[in-house]
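Once you scroll down, you'll see the structures, which are given as structure tokens.
After this come two complexes, each holding subunit A, first together with subunit B and then together with subunit C.
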Partner chain A sequence: MAQQLVKKDDDRDDEAEYSPFMGIEKGAVLQEARVFNDPQLDARRCSQVITKLLYLLNQGETFTKTEATEVFFAVTKLFQSKDMGLRRMVYLMIKEISPSADEVIIVTSSLMKDMNSKIDMYRANAIRVLCRITDGTLLAQIERYLKQAIVDKNPVVASAALVSGIHLLQTNPEIVKRWSNEVQEAVQSRAALVQFHALGLLHQIRQNDRLAVSKLVTSLTRGTVRSPLAQCLLIRYTSQVIRESGNNTQPGDRPFYDYLESCLRHKSEMVIFEAARAITELNGVTTRELTPAITVLQLFLSSSKPVLRFAAVRTLNKVAMTHPTSVTNCNIDMESLISDQNRSIATLAITTLLKTGNESSVDRLMKQITNFMSDIADEFKIVVVEAIRSLCQKFPLKYRSLMNFLSNILREEGGFEYKKAIVDSIVILIREIPDAKETGLLHLCEFIEDCEFTYLSTQILHFLGIEGPKTSDPSRYIRFVYNRVHLENATVRAGAVSTLAKFGAAVDELKPRVFVLLRRCLFDSDDEVRDRATLYLNTLGGDGSVVETDKAVKDFLFGTFDIPLVNLETSLKNYVPSEEAFDIDSVPKEVKSQPLAEKKAPGKKPTGLGAPPSGPPSTADSYQRVLSSIPEFANFGNLFKSSEPVELTEAETEYAVNVVKHIFDRHVVFQYNCTNTIPEQLLENVIVIVDNSEADEFSEVFSRPLKSLPYDSPGQIFVAFEKPEGVPTLGKFSNVLKFIVREVDPATGEADDDGVEDEYQLEDLDIVSADYTLKVGVSNFRNAWESIGPDYEREDEYGLGPRESLAEAVNTVINLLGLQPCEGTEVVPPNSRSHTCLLSGVFIGNIKVLVRLSFGLDGPKDVAMKLTVRSEDETVSDAIHEIVASG
Partner chain B sequence: MEFLATRRCLKYICFFVFAVSCPSIKNILLLDSEGKRVAVKYFSDDWPTNSSKLAFEKFVFTKTLKTNARTEAEITLLENNIIIYKFAQDLHFFVTGSDDENEIVLASVLQGFFDAVTLLLRNNVDKREALENLDLILLCLDEIVDGGMILETNGPLIAEKVTSHTIDADSSLSEQTLTQAWATAREHLTRTLLK
Partner chain C sequence: MILAVLFANAEGNILIKRFHGVPAEERLHWRSFLVKLGADNLKGVKNEELLVACHKSVYIVYTILGDVSIYVVGKDAYDELALSEVIFTITSAVKDVCGKPPTERRFLDKYGRICLCLDEIVWKGYLENTEKDRIKRLIRLKPPTEF
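Up next is the complex of A and B:
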């Protein structure tokens, strides 16, 4: 790399750009570093060499392990020199090299000497270097000095110790926590930055102790914190305390709000802004609380400093999402920012205005935006397009001017992401605003006439195939579609053929004309295009007389494909070519949930002997494989669903047992996964005695015991029950593990001949409604909702009583129903008072279910919910309501 | 809200744990008028390799090149990072922080860096002077931020810490009060001028 640099510089001789590092080369500099070993040290020269080494590192050059070690040892020699400037460079170099543990020992004594030096600058720097490179053992030795340093009268030394403490807290918390008293003293320091660092460290030490943090905030908000940075910290901690206590107080009567509000009158801008931002982010903030914060932010909007304008407009933009009316006061200042030199500020201003604007200002705004679109970057354009989309959803009557705007920018130059955002917006508008459909589709048609992105062309063709036939004059779109067959690449041509076929299938008058076009496609140069044309001609009856296309064919060709592709892939891989054709219905529809639970609790894993069974095969298809290997289950039919394992024992008990519930149409199979965690025992003839007295609709039909269960090798017991067909039968089962214990000599591994009968009580097991629902997502909820129709719609309202939060209520209901949340609606935005959640799934008996939940806060904490179910079966719709009513 | 809180925590855990509450700096960059490094310092591991660092520098440099950041520090939001920047002759100064950082705190760090460099280079803020005094620039970076934590934001104080090879307890205190007084006066003056 250095070599290249030299060459490059040689090439550009004529520019004659002088640099002290021109032609610098690593090997040469490493040679120069030998001066560090001279008996008579030349401090100036040594400093220069270190600078060169640092320059190389800074430019991204790397040293090999040996090179680094050599440099490090050479540098340590320089501690002999008394030159202060050189010492500073030595500190820097040591930090840059970050020596290994055995090398650190070499410099430790030198650094410890410097830590006790009379010279403050040495003390401060030595502390920072030592703490950077040290490990836990050394830290105990120097702890005493660090504690002293924290309360040192020189602020630089104190800060160095405090900041090092903040870093060390991550690796050696138990040591740093012992410094609380000193840190507390430093919080009272007169030096601004010491106060800041001390406060930061003190909070870090106590952050897991809510009460202590609350006390800290209470005492400091009353006192005087001098440093603006420390004040910013205090504001953050205050809002943390408010957040954590927030649930028990009425809005408007918030503790510490007065403190935040008083910070709005601070003399430092960073404190004012921090406080304003904290207020806008308060949970469930009221308009009255917001007003003073908005007022100071409004002042910032007309500041001469871009940073202040940006900070203010960005915060107001966020507020506009939840409290648009509170921000309208700033609209005049905001409008003047549209022409701001800084495009980030201008974009944020525009999007804020789009959020807060009223219907009458839309046209004027659009005009201003049109002028400014040409000179902003694509990513800002996307932000604007998204803002316009939401504006259009807010003011459907204005669709004409907004749609015009979108089609205009669609014609201009732009990258893929930008064009995609525009197309997506138009598609959404077409879906949501019926009046906009025809113009929107024509805009899209025009766009694909000259579209360089294959992905977008095919997406639009697909969309045209769905929406086009439903318009008043479908024939006008055929020309655009057929042009694609002539002018585009194979992917787009294939898409166009499918679209043509959809028109043919949906509109009978067009059928003969579409067949003519499709027949022409039979001569295409691409296989896929020809194949599609042939398929469509055959299935739609294009080879002979014009026939009414039946529903089955339509469903087959254009219906939704609701099988997860991953599952289909595994099933196809498992399929052995044979006489029997591949049955698509056998593919499980359950969406595999991400292994979140595993990620969440890596630290919770019990160690040692008590380790739970290391996960029997957990995915649906491996269950299927296990179950089908047992002949008794063969006639149960297809597996509908397997639950997540439910633990029936506490962690760290003698025997670890969990159960998986396998649901079939007329049967339920419990798979007990057992692990023996006692090395001295061998269990034999292990069975589970299941008492179904509280589940009388079930009757036991089969039980498969486990012959032997040696130490630490999991085994499975199966118990099967019969139940009424296709009905979500509920019940509670109590379980007892019965077995014969034989003592094992751990040394030899041999078991005693005599066994003793014993039993072990397990926890109860419930069959709940969620066991009968499958999480199956739909890609477009709205379409699915409409296609399922209102025939078996059931709607009712429920009061859920006081809840911790809206999000908690939403989650509870989702878990209760065991359905798949769609389109990200399981996420409740903060501060919202209402939320709509869309769920989809399949009920036992393979019946599709869609659920629309509308939540609203009723009073301070009571949650009310409206539940609307659509399904393919009346009883299922009722069953869903029953689940909620009884849950 | 809960969701937001977790997202926030997760993001920080891979960065600095203390950043949950303390303002923190991701990097400070000093580039020349072609976007090449003069001196850079990274504090976060968002950019683990040298090539990712170079790519980031190039990206930031080209995105900000056309703006006029010579009188006032400018600001932008790129790839979920806030970048505050200021240009002087053929030098481009940048400070990067995460997107939920207080912009004004970040700006104060940039201002401190810029003021200190101006003092250290005796008002000749250009690439040649900076490279000739690279040791001072590197020490300056070292005195502003330590592992992401802000150490000092007052330019004259930073410059003094870099150059003072002879501070001892007594003189530094008096000297410091003097510089501080000067800094406050200067700040006051700028503020009144701007109003």
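Up next is the complex of A and C:
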């Protein structure tokens, strides 16, 4: 017995020592590949060489262009062999090498031959290889065969063609869309996988045709679906149909709900989960509809398989965001998952419990979490911290234990992102829960005593400077701040100096002591620190006189900086040093909205840190420059706002015209950007005739025509109107483009001498309320709201009538007012019945305005809104109400 | 989309890798991330016991089979449950080719056939075949038995 054991071990050692690829070297394998050229092919040997080549490729070895070409050409010779195993390897190898477009031709005829072969498996593989290496022109040649293959009776051939179709749809959609009849037939196939692949492809082909998708779903939910995979697809498509048709149905008679509910009893777990998820994600799902899905998911929470536990807790976590009470029943099962070996499951369980727990369970939960935090990675910890922040906002009375928890974890080891999440949470809690302020600030003070992250130290110092002076005993924070001046790097020291100055400016009793400390900073080794200390001492009266600091000085030193930094940067770059000093008032305040492409950036790179997309060049400055170059506009004053271009012509018309509305205090200038898209025409004396009969408060004062508008060379026409000062005057303008057209010989580029007068009707143009408001955000809405005060507050309620959804109503009002949404309040959580949205901005005349909108659903679709406005001028508060009332 | 299929040995060296729709510059990052995930969690795990993780909207299902650890990464329709199906097909096919949960040596001995199996199972990010018996025939260019 003992001998046998020894023998076994020996065997194993031998095995482990020897690898078939030991010492493998690219050059040698390429030499070996010459065997592919032998007149008498040794199939076994050739297969071995291909295996080695595959191994090399998998190890990250790269072939030069010449090497790859040589291997590819040699491999194509192997088509001569009739050995089945070798042929299968050849197909794989060609796909792995991915020959270049000019080489593909070498192998096309062999593959075409295989695609028409009587041997089914040759056909299937040839289709896959051809579709991998083919381009559009070749595809048109083989399309006929592919269509036949889709309905081939051999399921492998059909699947090969269908999956190829899924890939080709990305590159050659117009060709693949022609196969829909064949694909439709394949959906009825008895072979499970063929049906799965066909269903996927058919849906992709028809995804923009709602009616077709709806028909497909209706017929399949009644018929037979042969594999769990296809069933999952069908559930997904069913959800889509419900989503698209669901707006006008009452809960209770939702189409296809019975189908989804029946899938909860399917024998495959994959299908059960898909159905449960589909139900939980239904728009406006009721508790009654949710219950069966939650019950099924709850059972899976105690499954022995981690994947099922994960899937269940992940789904319940999502449900908890919108329907926390429906998940409460699962809390006991969920609590047992806190100790799950799999940390992803444990984190999801904890964050779900934090969402569903009630006030009485907070302390118990925190105890459990404390043990759990020590052994999870930072990324999980951040999720937990964010969940705790939300919990604290939900139960403000529990701030003591939650704040304690946050301060404890702040002292433990952790990376920047984690610490930042904790600091952000403490800051938010301090802002939102007044009772938590003093303890929170002290926690932050302790943290900066031993903080390794400059960014966080400076953020906290800045925050201390704002909040510290407002506390009952501001002097207790000075020591923490001044310690930074001794112990930190220059960036933090400079931050500390500013914070000290803020305390001095805000608290008169502290002033003499702060001045002593600031004077010590005059000897700092860093320029910036010394400069700041000097500036503060001089402006705050550090010469010894202890007087109340002037409001203007406070505003200058510590006031909110309401100019977007991007705009300031551009203006500074454009500033040419001269006698005239840089004027900060000339910097536009308009926040440029993000380009759509940036917002929609695909999330397919989960870990990528790719360069951020570059924003558009700032157009505000270029407008300012263009307008100031026209003498007639010189006395119009400062430009308040320039709108986004509004198209006045359809796309692809003869003349493309858009207009930018420039708003001044007493004037409006329309800048018509015109492009002539006809090569055979030259336009001259181009003007826009503007009819303002529906805008009678405006009167035209100036028009600047365009002398000549050659093909594809854009030009601008300006028309200026006078309007009542500082008033948001509205109106509609109709526009006609008038010009003299001269024929141009495209060959020589010469224009005819004779021209013909012509005109071209443009779309109408409106001056709307939003043209008189600027989007200017505030960093802390609550503080801004308090500081602007209730003097000119105006509040009223409005019925907005039936709306598609709450989100749509919120969006409409935001767009109507043209103000900047703050703190992400423009996003309405799904299924909400009420929502508060905060807006800020500047009204024409440079008047700050803040708006608080409270929306509520009144009945099934009717939306009611309470609008509260605070501004620095009562007429502006009234004007905002006027805009909503007339909008 | 199945974003990646990876086989690694006990030391974390890659034996086979397949990426679909993952930019070349991110592949190395994924390799090290997965291998570390395995090193942290696969110790003491039974053959074919599935572990799961997620990173933002990407799911990872992984397991160990003999000396080889297998990782499958997916997103969208290929969530943890669909990936379980994929990895189950892969482990069944590998066991079938190797006769049992493989040692590294055995895995390398059957390297070519395992590559062929993988080629039948995942085709540029899509699941193509799920039954080991059919795959066994397909890699030898034999039509499926049910046909």
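Convention: the second predicted complex is superposed on the first by the 757 of 887 C-alpha atoms of A that agree within 3 Å, B and C clash if a C-alpha of one lies under 4 Å from a C-alpha of the other, contacts with A are read in each partner's own complex, and residues count from 1 in each chain.
Definition applied: a contact is a pair of C-beta atoms (placed from the backbone, for glycine too) under 8 Å apart; a residue touches a chain by one contact, two chains touch by 3 or more.
As the structure is a computational prediction, the values presented were derived from the model and not from experiment.
In the superposition on chain A, A:His462 contacts neither subunit B nor subunit C.
Contact with both subunit B and subunit C is seen for A:Arg236 once the two complexes are overlaid on the shared chain. In the superposed model, A:Ser159 lies in contact with both subunit B and subunit C.
Once the two complexes are overlaid on the shared chain, A:Lys398 sits clear of subunit B and of subunit C alike.
Contacts of A:Lys861 after superposition on the shared chain: neither subunit B nor subunit C is touched. The residues of subunit A shared by its contacts with subunit B and with subunit C are 18-21, 47, 50-51, 54-55, 58-60, 84-85, 88-89, 92, 95, 119-121, 128, 132, 153-154, 156, 159, 163, 166-167, 193, 197, 200, 229, 232-233, 236, 269-270, 273-274, 305-307, 310-311, 314, 342, 344.
If you check the complex, the residues on subunit A that touch subunit B are 18-21, 47, 50-51, 54-55, 58-60, 62, 84-85, 88-89, 92, 95, 118-121, 128, 132, 153-154, 156, 159-160, 163-164, 166-167, 169-170, 193, 196-197, 200, 203-204, 207, 229, 232-233, 236-237, 240, 243, 269-270, 273-274, 277, 283, 304-308, 310-311, 314, 341-342, 344, 377, 805, 807-808, 827-828, 830-831.
Touching subunit C in their complex are the following residues of subunit A: 12, 15-16, 18-21, 47-48, 50-51, 54-55, 58-60, 84-85, 87-89, 92, 95, 119-122, 125, 128, 132, 153-156, 159, 163, 166-167, 191, 193, 197, 200, 228-229, 232-233, 236, 269-270, 273-274, 305-307, 310-311, 314, 342, 344-345, 379, 603-608. Partner subunit A is touched in their complex by these residues of subunit B: 1-4, 17-18, 20-23, 37, 39-40, 50, 53-54, 63, 67-68, 72-77, 84, 102-108, 128, 131-132, 134-135, 138-139, 142, 146-147, 149-153, 161, 164-169, 172-173, 194. Across the complex, subunit C meets subunit A through its residues 14-17, 21, 23, 25-26, 29-30, 33, 41, 49-58, 61, 75, 77, 79-82, 84-85, 103-106, 108-109, 111-112, 115-116, 119, 123-124, 126-130, 134, 138-144, 146-147.
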